[in-house]
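Notes for the one structure printed next.
As written, the chain order gives the labels A, B and C, with residue 1 at the start of each chain.
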Amino acid sequence: MMPTLDFRRDHLFVAVLALLVIVGFFLPSWMRFLIQTAMASGLVALGVMLQMRAGLVSFGQGLFFCIGGYAVGLLAAKAGITDVALLLPAAALAALVIGLVLGLLLSRYREIFYAMLTLAVSMILYGLLVKAASLGSTDGFNIPAVSYFGFVPDQAARPDWSYALTGVVVLAGCLGALAYLRSGAGAMLDAVRENEIRLSYLGTSPRVLVFVVYAVAAVLSGLGGGLWAISSGHVDPEMTYWTTSGQFVFVALLAGRGSVVAPVMAYFLLELLRTYALDIAPNAWQLILGSAMLAVIVLLPRGLWSLVARART
Amino acid sequence: MKLVAILLDGLNYSAWLFLVAVGLTLIYGVMRILNIAHGAFYAIGAYVCASALGLYYSAGLPEAGAFLMMGLSALVAGFVVGLLIERVVLRKLYGQDEVIMVLVTYALFLILSDAVKLTWGVESYYVFQPYAYFGYIEFGNLPYQVYDLLVVGLAIVAGIGLWYWLNRTRTGILMTAVVADREVAAAMGVNVTRIFALTFAIGTVLAAVAGAATAPKIAVTPGIGVEVIILAFAVVVIGGLGSIPGAVVGAIFAGYARAICVHVAPQFELFAIYAVMAVVLAIRPHGLFARAEGRKI
Amino acid sequence: MTLKTVLAGTASLCLIAGAVQAQDQEPITLGIPVFLSGAASGPFGLPQRNAAEVIIAELNAGNLPAPYDTKGINGRMVEANYVDEAADAVQEYRNMAEREGVDAVVGYTSSGNCKAVAPLAEELQQLTVLVDCGTPQIFESVVTDPTYLFRTGPTGTIDSVGAARYLVDTGVDMSEVAGINQNYAWGQDAWADFTGSLIALDTGSDIATEQFPQVFAGQYGAEISALLTSGAKAIHTSFWGGDLEAFILQAAPRGLFARSAVVMTTGEAAMQRLPNEIPEGAIIGARGPYSYFAPESELATWFRDAYEKAHGQPPSYPAWKMAQALLGLKSAWEKAGSDDPAAIAKAFENLEYETPAGTVRMAIGNGHQAVQGIAYGTYKQDADGNPGVENVIAYAAECVNPPNDTTAAAWIEAGFPGASCN
């Protein structure tokens, strides 16, 4: 069974996610924070998933996660612009610009070379940030509290606002990705994966399709990075380190390619597993995490979403 | 003087990079698995070597024999771990997507890292005796450890040995047949499963040898495997994934890039390797030594 | 039921009741984030955790010498909840504060983690004691108006200032100076402070070469060649852990230590591990007056003995810092005499208390940042091969720390105004 091409009913799942986000609002604050960061990171994993539909694996998606985070951080901490109405568009725009430039180069590459080149680019940014002593090098820097369209919530209400913001933007991101997947450019991604040459014969340029998906993923990831930065109040170069990017790929694969909400939910499950593994076995949490991942790959080769998809058919 | 230093340092670092990367490229070339767990195998090699030599020295045996012990420990550790993992995990997953296999090895890497930690603890292990054993020779006023030069020799031996084995022995030629076309090779009666197991074990041994050869120069400590993976990847990608000559050239490119940076512009040391990688890929998208592949129709 | 069993039952009930009486209050739970995995787990995480275990067990048993001879903290037993600092610091901090509801968080080694959790401590009003982390920015720029956040470990500034002063005071030839530091915030800051101190001390040094290998690189052959051929008379390094040990193992056989005076700001931590490999005469620091540099006191002797008895080797400097953090918390808590975090925080401000490493004063960062002196010495083995230091010079806290209202960078830049060195 191939992953679904039919996203007509996926709105339903976005609605389910919306419901879960609202339920999450009433959970204990540590859990809510976990959901919040998982949603922000899940948006990046969604970007990876979109590229995967074209058979491309970005091992450097942390690049845009980091660009989004640093765009927000630099504006808020260094330029004094602290309103989300400017910060998030700036994060998306910064990611888009870099994505368009790099996309020109990267759309020529496929398979493992795409993976390796995206990785190389993200590691070059890592190297640059580590050298940037004025940005705190590896320590990164902190981001002041933000305002919401001119409104400054007091300290106690801040977590509520940032949670709500994250929820709204992530849901919008999912809907945007869905609209993209249902468009011609999105639907043809599968054709890029299946057979590029036939696609060219039909008069479509696979390179343009890859360029577009790369840019769309960049914007989603930049937004994710911006939200993550606002949530955690801190950015550092670790955001563009290869292990971070590897995690996005992991989540995208664990989730499967069947729904736009799958990466977001899978990210949450991964974080939940990690935090409880840390709590139960602080000395062996990586072992638990690794075993769980292996189990999913062996037992559910089409990702966690195949459980949902199976239940539907 | 600076030139001599650059030549020696570059050579030394290239040799080490080659040792670290060659197993990775072998496994990818034959099995199409980009093995992230390679770093863990390197660490296991270093730990086993450190433990074995610790026992060896405390038994008061002659110091020269320690080198035999190093080789032996790496061989045994690599083979046992490699065969075990191939048998228990990978064999069930052959035929999966390349990317899925990357993730499988990433999961293995996490598991093995913790397994190493639970076995050896977080305290460092040391086996510095072999590093000082041969003393140093001076090039002008630059003292250089003989051990480091021996590592260069080891890399050359490993490279030539691997070439000989792949091109001049029956198993090696069968392996090349599997690389060329897995299905046809199987149809002709080649036992692909066995070839895969052997390849994986040899790749693991090479990683373990690299770890064992490095152990005397470092504190064997958690996390040593992480740094290695990304370096090995860079080397292999520069040279062309799956190509042994590519690994040689990739190692030399990366090794000299770093040596030149250290002596001329230490500020840029951190990017040297990635910059080389990005430039090479921009010019030759599949690496320097990759075979051209037909496009699928 | 016979009378006998009833009596026995009643007696055992009374025993239980008695036991409950002795510790009638809930124990104090501490969240202790230390590195349990990764490269920092051996050199930092392990000794910190070991020290926390020793101090907490002995506190609960009431075995410490005066002034800490009362049981537990404020009469309550202490429990520890260890967390891996290598995981996401912000998430795990929230988990400790909000899910586990710990009474205080005592830990953190990485400056990055300290910076990330510092604002959270204030936001969640969670009593937090940072044990280590080098960066002076915590109270200079990250949290400028602290209430609940404290740091009992001195900043990394004193390492570099002390190292420069020591080189000058011992008459080392400073005409050509080189550095090898890890390419991340810690190494960059240490080298910037060190070169800044050289200018402040007017040594007229030329920088022969400044090497910044990647952190955890492990292979330093090329860097050592560069140092050997640079003609440097003095070399500064802030390497720590496995990197420091690899550097020693690779540099010593090639004679780097014989050619140049090498100052290793964290060298103390390698002394127990590589006693025969560190060349005699190498200049060693311990990031404060810890371990071999600790002033003689009953508390210091007790700590060394108790730690060695429990863990089989003497404590390295990160263990001393952990002990210092826990004792600071106890002092503040008992001075406040209440379990109210705000009251404890109030009592902690500007506190002066005794530690195994002498008196600690919470003197800067509006009374939230500890100041301590620092000492350097040269490495020496005694006749039995035990590692030790000689030619020790200790610098007072006022000599190597900026005053309360100045940032470390500005203070070094201005040439140490207000420093008083005996």
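The working rule: a residue touches a chain if its C-beta (ideal position, glycine included) is under 8 Å from a C-beta of that chain, and two chains touch if they have at least 3 such contacts.
These are the chains along with the protein names UniProt gives them: A, B = Branched-chain amino acid transport system permease protein; C = Branched-chain amino acid transport system substrate-binding protein.
Since this is a predicted model, take the numbers as computed values, not measurements.
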Touch-based graph of the chains, sorted into line, ring, star, complete or other: complete
Chain at maximum distance from chain B, centres defined as averaged CA atoms: C
Contact-richer chain pair (by C-beta pairs counted) among A-C and A-B: A-B
Approximate Å spacing (C-alpha centroids) for the pair chain A, chain C: 37
Distance from chain B to chain A - Cα centre to Cα centre, in angstrom: 32
Chain A, residues touching no fewer than two other chains: 130-131, 283, 285-286
Chain B, residues touching no fewer than two other chains: 113-114, 117, 226, 267, 270
Where chain C touches two or more other chains at once, by residue number: 36-37, 183
Complex interface listing, chain A residues touching chain B: 52, 57, 105, 108-109, 111-113, 115-117, 119-121, 123-124, 127-128, 130-131, 195-198, 242-243, 246, 249-250, 253, 283-287, 289-291, 293-294, 297-298, 301
Chain B-touching residues of chain C, taken from the complex the two chains share: 36-39, 41-43, 45-46, 183, 209-214, 216-219, 221-223, 225-226, 228-229, 241-242, 245-246, 249-250, 253-255, 273-274, 277
Parts of chain A lying in touch with chain C, wherever the complex brings them together: 28-31, 33-34, 37, 130-131, 133, 136-142, 155, 158, 232-234, 236, 238, 271, 274-275, 278-279, 282-283, 285-286
Contact footprint of chain C on chain B as seen in their complex: 1-2, 5, 8-10, 12-13, 16, 113-114, 117, 122-124, 126, 128, 131-132, 135-136, 141-145, 148, 214, 216-219, 221-224, 226-227, 258-259, 262-263, 266-267, 269-270
For the chain B and chain A complex, residues of the former touching the latter: 34, 89, 92-93, 96, 98-100, 102-104, 106-111, 113-115, 117-118, 226, 230, 233-234, 237, 241, 267, 270-271, 274-275, 277-278, 281-282, 285-287, 295-297
